[in-house]
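Please find the structures below.
Look for chain A in each of the two complexes below; its partner is chain B in the first and chain C in the second.
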Partner chain A sequence: MSGHSTYEPKTGIERWLDARLPIIRFAKETAIDFPTPKNLNYWYTFGGILAVCLVVQILTGVILAMHYVPNGDMAFNSVEHIMRDVNYGWLIRYMHANGASMFFLAVYIHIARGLYYGSYKAPREVLWILGCIIYLLMMATAFMGYVLPWGQMSFAGAVVITSLFSALDQIIPGLGTAITTWLWGGFAVGGATLNRFFSLHYLLPFMIAGVVGLHIWALHVPGNNNPTGVEPTSKEDMVPFHPYYTVKDGFAISAFFILFAWFVFFAPEALGHVDNQVPANPLVTPAHIVPEWYFLPFYAILRSVPQKLFGVLAMFGSIAMLFALPWLDTSKVRSMRYRPTARIFLILFVLATIGLGWCGGKEPADMVITMGHDANNDPTGFSVVWFSRILAIYYYAYFVLILPLLGLFETPSEVPTTISTPVLPKGGSAIPAGAVAAPEKKG
Partner chain B sequence: MVETANAEPHAEHPHGDPSRRDFIHIAAIAAAAGGVATLAWPLIDQMNPSGDTLALASIEYDFSKVVAGQQAVIKWRGKPVFVRHRTPKEIAEAKADDHAALRDPATDASRVKPGKEEWLILIGVCTHLGCVPNFGGGAYGGWLCPCHGSVYDTAGRIRAGPAPLNLFLPDYTFTGPTKVKIG
Partner chain C sequence: MLRKSALIRTAVAGLGLLAVIGAGSVAGAATTQAPLKEVPGGFSFEGPLGKFDQASMQRGFKVYAEVCASCHAMSLMSYRNLCQPGGPFYDERWKDHPAESPYCKAIAADVKVPDIDPDTGDAIQRPATPADHFRSPFPNEPAARASNGGALPPDLSVMARAREGGPQYIYSILTGYVAPPAGLTIAPGKFYNPYMPGDLGSSWSGSKTTVPLGGVIAMPFQLTAGRVTFDDGTPSTTSQQAKDVATFLAWTAEPKQQERKEAGLAVMIYLIFFTGILYLSYRRIWRDVAH
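Moving on, here comes the complex of A and B:
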């Protein structure tokens, strides 16, 4: 991160501070002067969008905690109090609830971007793994946050997710039960569970912020990947982060906020479930329980396996695949722009994941294609559970078969020698007009 | 003199004992590890059920109003308990399947108290992922779990779906002609 600083303390106070804590120098090096490939497209703005999402969630969350009561008897009513009585409470809660969905939307695009342009490959494996850790922390945080309103869906979700650990009883009898009892603080999900989830839901976002700091650090050591996947070779390949990407990210953030605001103001409950407007009742499980949309693909994988322990393992394994990805992809070519075959398999992978999400929202016995009716007049044919089995097999095959083998057998198209080659007439090294170094000095 | 000798642990020690420093290292590390473990356990164990939760151990229930073909759902230790008044047909169906291919083999007689076989008392928590199965659903007329489709028969035995085990039986005793004590 050193070597590109143009910081010269101008005032006496700045010189005094720079000798003691060079924080202004650090900020200028990392957020203003940082050399960035000049060809980053809008898919690369989602990192900035995600940073803003995290700030929005922490800010609205801290405010909600001022009014929320983490108590099994009072939680549901305190949320109603926020919605009806607290000044602008409805706005802040809808921002927080829909903000979680926006956060996941952005992170899925961010992950897909990384998959397409090969951003997980050397020397960015640690950067990628830190991102996977952030994603795991996000899932834990979102799950516990969804429990806090203490409605029927909150309760059922808490029961199902914590009961995943009871599958360990099939390895060591009693182990799973001991863990679930410990997680619950009782013999079932109850007030004690709610209280600890609130505590952890408040803690985890700050841990996410910490790992985001490491993620950005790990980004700034090798520098950004770019759509060509070719490492920058000269200063002419780079532009300073400010003003080029502060403006580009700023525009993308504004556009993203239009979508966010549309949900908050016009469809604030579109991504929720009506059953969560019913207070938690441990004696009744809603007829059709589904998790939030961003967990549906994993829920579908869980349900596609008829055996409890293997279903749980398949679900967690689908995320473990992401961690192993840098070592599963054997191709030396980073960007799928130059891997026409891999590109098709990745598009199918994205479609399979979306398909799994669709399956997760249906009931397992629902039909994808109805071919007739049985004696009870129930439809028969190609069921959701079979569709999700096929999609889950493809999901795994992408990681453990396709990527390892494709790198050995495919023929990539010609990879440019530099970032600039594809856009210059002679593929030369000429400096394109306008893209001079240090543009901030133009006045 | 001892201080000087210990300052260079890998050197020859004509006067001192070379294992003394090793001993101090091992003792210090062991004491620290023991201290960390001692402190960690209260921090972990605080999440286990508290004393007042454990104290809510048993309840008594009067089932006189539960007619044949119905079930009552009562709450015991935060969990639903099914008190099902089975019809003769349901009992016969359960007994007929005693030797069918069962995932978690159990006879109907082992799931009720002798002479009280019309009363099936179970913990109403699906053994898959903890949802509350719906009364009367599924192909066997027992219960159908709404979450992942586990099917239980009229003895509460798992017959289809992802759950590995039969619905659990709580400890209970009949304390009177219409009274049961659970726990």
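Moving on, here comes the complex of A and C:
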């Protein structure tokens, strides 16, 4: 990270501080001067968007926690109190609830970008794994946050997810039951569960923030990957982070906020479920339990396996695949821009995941293609559960078969020798004169 | 160029495949419901720029107070809410002190709420104040069930957000009562309503392929023509009463809805303008970098 500092303390105070805690030097090196490949496209703005999402969630969440009551009898009404009586409470709550969806939308794009440009490959494996840990923490946080309003779907979701651990009874009898009892703080999901979920929902975002710090540290050691997947070879390949990427990220963040604001102000409950406006009632189970949209692909994988333990393993395994990815992809070429075959398989992988999400929102017995009706007039044909089985197999095959083998057999197209090569006319110099010399003095 | 077009072709082909599969699906869920009715004239509050019709909310409040409130609680609402900005009885003169509004005081004073006498500790009934929550018709759930054939009339505070279709669902249910088709057995004290989600397969004697849509509801048809007399002279048809009470319930479910949409418009204009400025800054800063 060092070696590109142009920081010179000018005042006495700055020199004094620089000798004791060089924090200004650190900020200048990492957030201003940091050399960044000049060819990063808009897919690379999602890292900045995600940082803003985390800040929005923590700020709105801290304010919500001032008014929310984590008690089984009062939680639902306290959320409505926020919506009705707290000044701009409706705005803060809708930002927080929709902010979670925006966070996941951005993280899925961020992950897909990493998959496409091979950002998980050496020397960025640790960076990638830290990202996977952030994603796992996000899922835990979002799940527990969804429980807090204590509506019908909150309650059903808490029951379904915590009960997954009871599958461990099939390995050691009693183990799963003991774990679920421990998680619940009782013998069923109830007030004690809600209270601990609130505690953890407040804790985990700060753990996310900590891992984000490590993620950015791990980014700044090897530096950014870029769409060519070619490591920068000269200064001409790079621009300083500021102002080039502060303005590009800033533009993207602002554009992303237009989408965010659309949901917050004009469709705040479009991504939710009406059953969650009914207070939790352990005696009534919603007719159709569905998780939030961002969990649907994993829910579909879970339900595609008829045996509970293996279903749970398949679901967690689908995320574990991401952790192993750096060692599963055998290709020497980093970016799929130069791997035409791999590109098609990746697009199919993204479509399979979206398809799994679609399956997760349907009942397993629903038909994808109806071919007829049985004696009870129930439709027969190609069912959702079979469709999700096929998609889940492809999901796994992408990691354990396609990527390991493709790297050995495919013929990549020609990889440019430098980052600058693809954008320059033949024989042109690497960079127009004066481009990076003093950008802040222009205009 | 070749690279991009190949990518787009594959993506389009894949999406097309998914769309075909999606279109072919006809869900065979057990619960059925007739498609919701179109509300005559639509609701004024729909859409990104929709606003509540205050006269309709006032009529809807009267329907609620004279009909619904005899069985349904509305525990999240207080009488003061009726006079807050955006509410059915909002008046600019009491903009900063809605609870001082004589409308709210008068509406509340007509209602007796249970309380404890501070001197004797006895349970008493006293006239409500604007600060009181809407009076619940029953003291507890068993009492509510006992008076309604075992069924619990749901709290209506957020009903318009708690059902698919919201206000349109409320309108459809209230106006949708029809005689049960021949072959459908309805238990005494229950009623057939095609807009109530349900599964009538077990009470249907006809063919499995012609099970009627909808379900049974414990509430009988309520909004007969003229049931409520509207003070503004609006004809009190079933449809008008249902539309007005659905409007009122849409407001109680989210009293800040109109404020939200109005703020949203300003935020959108600001964000689009600000994003445009950032884009121009981006173009200017990057103008000399080939990338």
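By definition in this document, the second predicted complex is superposed on the first by the 430 of 443 C-alpha atoms of A that agree within 3 Å, B and C clash if a C-alpha of one lies under 4 Å from a C-alpha of the other, contacts with A are read in each partner's own complex, and residues count from 1 in each chain.
Operating definition for what follows: contacts are C-beta pairs under 8 Å (C-beta built on N, C-alpha and C of every residue); 3 or more make two chains touch, one makes a residue touch a chain.
As the structure is a prediction and not an experimental result, all values here were calculated from the model.
Colleague: Using the superposition on chain A described above, determine whether A:220 touches chain B (first), chain C (second), both, or neither.
Modeller: In the superposed model, A:220 contacts neither chain B nor chain C.
Colleague: Answer with first, second, both or neither: which of chain B and chain C does A:287 touch in the superposed model?
Modeller: both
Colleague: Which partner does A:156 reach: the first (chain B), the second (chain C), both, or neither?
Modeller: First partner only, chain B.
Colleague: According to the stated criteria, A:379 is in contact with first (chain B), second (chain C), both, or neither; which is it?
Modeller: second
Colleague: Examine A:365 and indicate which partner it touches, taking first as chain B and second as chain C; both and neither are also allowed.
Modeller: Both partners.
Colleague: Which partner does A:306 contact after superposing on A: first (chain B), second (chain C), both, neither?
Modeller: first
Colleague: For A:262 in the superposed arrangement: first (chain B), second (chain C), both or neither?
Modeller: second
Colleague: Tell me the contact category for A:67 with respect to chain B and chain C: first, second, both or neither.
Modeller: Once the two structures are laid over each other on A, A:67 reaches no partner at all.
Colleague: Given the touch rule stated above, what does A:355 touch, chain B (first), chain C (second), both, or neither?
Modeller: Once the two structures are laid over each other on A, A:355 reaches chain C alone.
Colleague: Between chain B and chain C, which residues of chain A are contacted by each of them?
Modeller: After superposing on chain A, chain A residues 287-288, 363, 365 contact both chain B and chain C.
Colleague: Show which residues of chain B lie in contact with chain A when the two form their complex.
Modeller: 44, 47-50, 53, 73, 75, 77-80, 124-125, 128-134, 145-149, 161-164
Colleague: In the complex of these two chains, what residues of chain A are touching chain B?
Modeller: 156, 159-160, 162-164, 166, 170, 181-190, 192, 196, 282-289, 302-303, 305-309, 311, 363-365
Colleague: Can you list the chain A residues touching chain C in their complex?
Modeller: Residues 38-39, 77, 80, 83-84, 90-91, 94, 239, 243-244, 247-248, 250-251, 254-255, 257-258, 261-262, 264-266, 268-269, 274-275, 277-278, 287-288, 337, 340, 343-344, 347-348, 351, 354-355, 358, 362-363, 365-370, 373, 375-379, 384, 387, 420, 423-424, 431-432, 434-436, 439, 442-443 of chain A touch chain C in their complex.
Colleague: Could you please specify the touching residues of chain C with respect to chain A in the complex?
Modeller: Against chain A, the touching part of chain C is residues 3, 6-7, 10-11, 14-15, 17-18, 21-22, 24-29, 31, 48, 75-76, 81, 154, 157-158, 161-164, 166, 197, 207-209, 211, 253-256, 259-261, 263-265, 267-268, 271-272, 274-275, 278-279, 281-282, 284-286, 288-291.
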